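First chain A sits with chain B, and in the next complex the same chain sits with chain C.
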Partner chain A sequence: MATDNTDPTAEYRKNQSWLYDSKAGGYVRKTAIGLLTLVIGVFVLFPLYWMVVTAFKTTSEIQQIPPTVFPADPSLEGFRLVIESSIQAGGYAGLVSDLFGITVTSAIDINLLGLIVNSLKVAVGAGLIAVVLGTGASYVLSRREFRGKNLLMSLLLASLMFPGTAIMVPEWELISTLGLFNTHLALILIYGAMTSPFVVWLMKGFFDDFPDSIIEASQIDQCTPFETFWYVLVPMARNSLIASFIFAFLLAWNELVFALTLLDNSKFTVPPGLLTFVQGFNTQWNVVAAASIIVSIPVLAGLAYIQRYFVQGLTGGAIKG
Partner chain B sequence: MTHLELDSVKKVFGDPEKEGVVAVNDLDIDVPDGDFLVLLGPSGCGKTTTLRMIGGLEDPTEGEVRFDGTVVNDVKARNRDVAMVFQDFALYPHMTVRENLGFGLRRENNDMTGTEIDERVTEVAEMLEIEELLNNKPAQLSGGQKQRVALGRAIIREPRLFLFDEPLANLDAKLRKTMRTEIDELQSEVGITSAYVTHNQEEAMTIADKIAILNDGELQQLGTPDQVFNEPANLFVAQFVGSPDMNLFQGALSERGDSYRIEMDAASFDIPKRLVDTEIDTDEVLVGFRPQDLYQARTRATNGPEFDTQVRVVEPVGTEAIVHGTSALGDVTAKVGRFHDLEPEDQMELTIAPEHVYLFDPTTESLLKGRLVTERAEGGTSADSVEA
Partner chain C sequence: MSYVDQAQSSYRSATRYIPESLRVYLPILPVMALVGLFILYPIAQAIYSSFFTKSLLAPSEAEFVGLANYVEIWADPDIHQVLWNTFVWVTVGSLAAIVLGFLMGWLLDEKLPYTSVASAIVLIPWVLPRVVGASIWQFMFGGSQGIVNELLVQMGVIDEYIVMLGANQYSLWPPIIGMVWRLAPLFALLTLTSLQGIDEHLYEAARMDGATPWEQFRYITIPMMKYNLAIGFLLMLIYNVRNFSMVWVMTKGGPGVSSSTLPVMIYRAAFIDFEVGFASALSVLLFVVLLVFSYYYIKFYDKVRGDM
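Presenting the complex of A and B:
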């Protein structure tokens, strides 16, 4: 029982702890959280940092032991070599010498712009296939009851667990039979098929949460099923559709093994293209890093623009009425 | 302008041959042109299923739905030209209020131009006083505003039928009352036949031209609000309609000259035969008193039963109070005036006029005698009670 000289607020302090209810404890918590964030940040971002730093180093500095954390003598040599190589391999050497009077010769023979265009082609194609097929399938899987539905969903999930390389040989045979060897269409089909199951799962979550009454309201508003889909479902599903597309796009953009084995040099996408810069003991790492930075720019710019849709789409079928 | 008929409509969910759930069974309802029908019943009684069958969102397993004599069973929802207000409003979240209102008109196969549709949207928005919200998205609206938009989306098309699926259930009590009046006014104004689903009997009583009371998929009674209140077809209707709930007691009935003698545990009284339409041939009855019909004997004398009640709780509701008490008959609820001197534990004497007494057959639960309104003379004893 409280006596006269005790603090009347003592009753409310019974549950206090030093860590959570004192100023010093607050600082300790904030410091701990800050340190943890820092460690995770370094872990995630250091490879990116190393790529950027390497791009600005000279070949000799890269091979120096111990390595330098900052380029002692920043140089754009890597970028120059990449650009020269692209100009030459892209067949613009004549144009450049006509316009600027600079003669471009390069020992490397890789057209970065061509790689990016090839990759965009493949990634956009795969993204479209995955979104169109995946959305259609998920709508049916979510809205209709039929025999074998759960089996089908499990199969789709299982297909996501397969490493792509495990089905390398049959895929190769299939592409060969179809006569699609060394075409971008082959990659578009393979990447589309690889990412569709994920899109099905993502979009099914959206359609499962979709209120029936809105679909019924559109029927009452005299919509045909297609009009309902086009005017009501698709606009409301926008974020999830964008997230699905980005997922498929990024997978296609990053995929190396299929691209390397199914295409030859002339049709390479970015990942196998970058690999050709790596040439045994003679690899010019500053060139590889510079090329990597250049190819990341279009993707980064695009993602920065639509990332909020991506996050909203992934975090679930939040339909706000 | 549509005359709506449901003819032996039955809906079974699941396999009808096996263990399907019968949601609606053998339902006959006839709604004349321009009438306001309310489907009333507890949860799971089949009222929403019935509404959805009228709208074409659900196919009847058996029976016919007819608009103006034409069977529409095979007509899809989008071709039935009905408008529906959903419980959760079901506004399109990605469209502004203006687009929500105009969407139906744009999809409809009519000759309206974009400008004409815009004009119509503005007209409806003014009617519902939501014109300043036209450019907002539904997420920015309050519940009442969403409700108005949902109403607007229904009336903009001047459909054959209005269907309301518990449209006020998601609103607060005050808004519910104003919107109820507005829906009623709006419907009388445009004169379009309407069907309205609710589980709230008070809402049903105030808004309906006709009430269809359903229980377990079966129609219990179809009648005007007065009919279902004063002459409920059976015990279920009597208990479901009216608030507070009806008091029910066991009684023994015997004939005595030109009146019936009702003997209850603590009170007995006579009901003149003229007040009873049906021939009563049981000797056991269930006696029903509406709380509103009970009076304190000190304020009004009747020829009906009088019984002592010990007050348990007094719930004042303005000029009157709902009093819960215990009597020799059992628990009693009464809605009485002059309650300010009543305290828990007090004794009061309650009475009821014989005209107001309900009698039910205890086995079939059907009504034997309903509440007679016209017989009652204000201020005490009626002409009947003199001779009784």
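Presenting the complex of A and C:
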């Protein structure tokens, strides 16, 4: 906090500590903050850096001891192997050789393209379910008073805490009973159930803040409740709706436990597929890193959009960024 | 007549026999049905199954055994190890994530340039697919080419490479470190948002009254964000206690059960040993823990909302 000599209240704005009010203190403080930032920054960023450089190393370089901090010979071998393997495993090898005259053979066994297609199917389905069902519910929960409202809200909030490992065994039994084992529909429904409470909370935050006057104006213009909802509220809620969809999409994209227990290899989504490859015999880490980067792209794109809504979602809009 | 009017009129005719007072529940019904069937019902199912001996391969041949599965938990020395590991995860892992996350949030709050870009970058560990994050850490800790070993040798902590993920005495810690890496950003963002929500005038008034930086922190910052911190703390506990992917990817809970936590044990019991009853009893144990955490989570959540 710099003291301004021309400001008569400067004396009172002082921080009452040599760390803040003297030049030497300022240097000490800045050095300490700089060091702390450096240590934490390395801890957070180094693993990400390591993933990126590993992806650009050759297969012989990743086996080197000690490991190299910069790739001595940057190469796209990891990415090439992922793509070749996807082409081969997806059964497109014949097509590629017909079209481009290239013979694709791969010793690596990961069908990343197939995994991504499966994940997209599941994630889009779950996202749509969560947004459509969640928005309707959140509107009523925000705008109307009725018996059992608090109980329902608490139930929804609590249900966010249980999925995953806590219910994987009974979920397996349920899905088997329903005859949905090894179907993507099972995952779409489960992920929809896992994320719609979250969407309810996020959208409720939006509707809570929505000015009554706009709804009254539309009623004066003789809009029916459905018209008000569809023509007034939904367009204005567009950003929150997109954020909700991205949240649901990302959860489905990242989820491991249910995908691992409820699907067979042939229908795997990205997380269990990647896991199987990582835990397979003689893991080739440049391929893992390249595949990791590819499957992280949608996540990073989504992050840029939802960052603002992040804390709002966790705290139901109770604190605003 | 537009499709919206059609929707409204078909909604009207479909619901004409439903009393007005109940119609308000209709838009909530689909969500509750989905959540009820796929999240709440399985919880009840697990409690029920925990009283039976049942194989995953032949679930119809269930045999009622009363509390035998719970007695087995009590008697099983492996489970004692697993419960202790889970306790270490939840305490050490959560505390580390909170301290680190708080510092990160505090640094991000105006002490670093480009706060929004920096906080987006900081969030990457949290949003990255679980398996991807865990694989990176496995690669860094594991194998003969692990960079962590090299770093420790360079720093003079150890003389030669040691086996970390495959050694009983070390295997618990690498996944915890990975989990701190994943969770701390979440707490950082929560801290950052809470800090930004505090009115700057409060600090100014306190300074005029002669409050030192420590006093400002102690009597303004902490009280103003205590419920948000409590929510963040409970989220850390919940995420740590139910985490599966970080352990499973890095060590599979091994060697033996040296790095297993409760969720890993549930997975093993059900999908490797096929003992559904025993796995369900373990799940019930996890519910109880989660229920306690969730209760306080909701309580603090209501407090934050009440203060608005």
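Everything below uses one rule, namely that the second predicted complex is superposed on the first by the 247 of 321 C-alpha atoms of A that agree within 3 Å, B and C clash if a C-alpha of one lies under 4 Å from a C-alpha of the other, contacts with A are read in each partner's own complex, and residues count from 1 in each chain.
Assume a residue touches a chain if its C-beta (ideal position, glycine included) is under 8 Å from a C-beta of that chain, and two chains touch if they have at least 3 such contacts.
All of these numbers come straight from a predicted model, not from anything done at the bench.
Of the two partner chains placed by the overlay, neither chain B nor chain C lies in contact with A:Ala89.
In the superposed model, A:Ala166 makes contact with chain C only, not with chain B.
By the touch criterion stated above, A:Pro235 is placed in contact with chain B alone, chain C being left untouched. Once the two complexes are overlaid on the shared chain, A:Pro211 sits against chain B while remaining clear of chain C.
In the superposition on chain A, the chain among chain B and chain C reaching more residues of chain A is C. Shared-chain residue A:Leu120: touches no atom of chain B or chain C.
Once the two complexes are overlaid on the shared chain, A:Val287 sits clear of chain B and of chain C alike.
When the shared chain is aligned, chain B and chain C each come close enough to touch A:Thr224.
Counting contacts by the rule stated earlier, residues 224, 227, 231, 319-321 of chain A appear in both its interface with chain B and its interface with chain C.
Partner chain A is touched in their complex by these residues of chain C: 4-5, 7-8, 11, 21, 24-25, 27-28, 30-32, 34-35, 37-43, 45-46, 49, 56, 59, 100, 103-104, 107, 111-112, 116, 119-125, 127-133, 135-140, 144-147, 150, 153, 161, 181, 184-186, 189-190, 192-194, 196-197, 204, 207-208, 210-214, 216, 228, 231, 235, 238, 242-245, 248-249, 252, 262-263, 266-267, 270-271, 276, 279-280, 283, 286-287, 290-291, 293-294, 297-298, 301, 304-305, 307-308.
Partner chain A is touched in their complex by these residues of chain B: 55-57, 76-79, 81-84, 86-94, 103-104, 107-109, 138-139, 146, 153. Residues 9, 12-17, 19-20, 33, 36-37, 40, 43-45, 47-48, 50-51, 54, 62-67, 129, 133-134, 136-137, 139-141, 144, 146, 152, 154-159, 161-174, 176, 189-190, 192-194, 196-197, 200, 224-227, 230-231, 250, 253-257, 261, 270-272, 274-275, 278-279, 285, 288-289, 292, 295-296, 299-300, 302-304, 307, 310-311, 314-316, 318-321 of chain A touch chain C in their complex. Put simply, chain A touches chain B in their complex at residues 211, 213-214, 216-224, 227, 231-232, 235-236, 238, 319-321.
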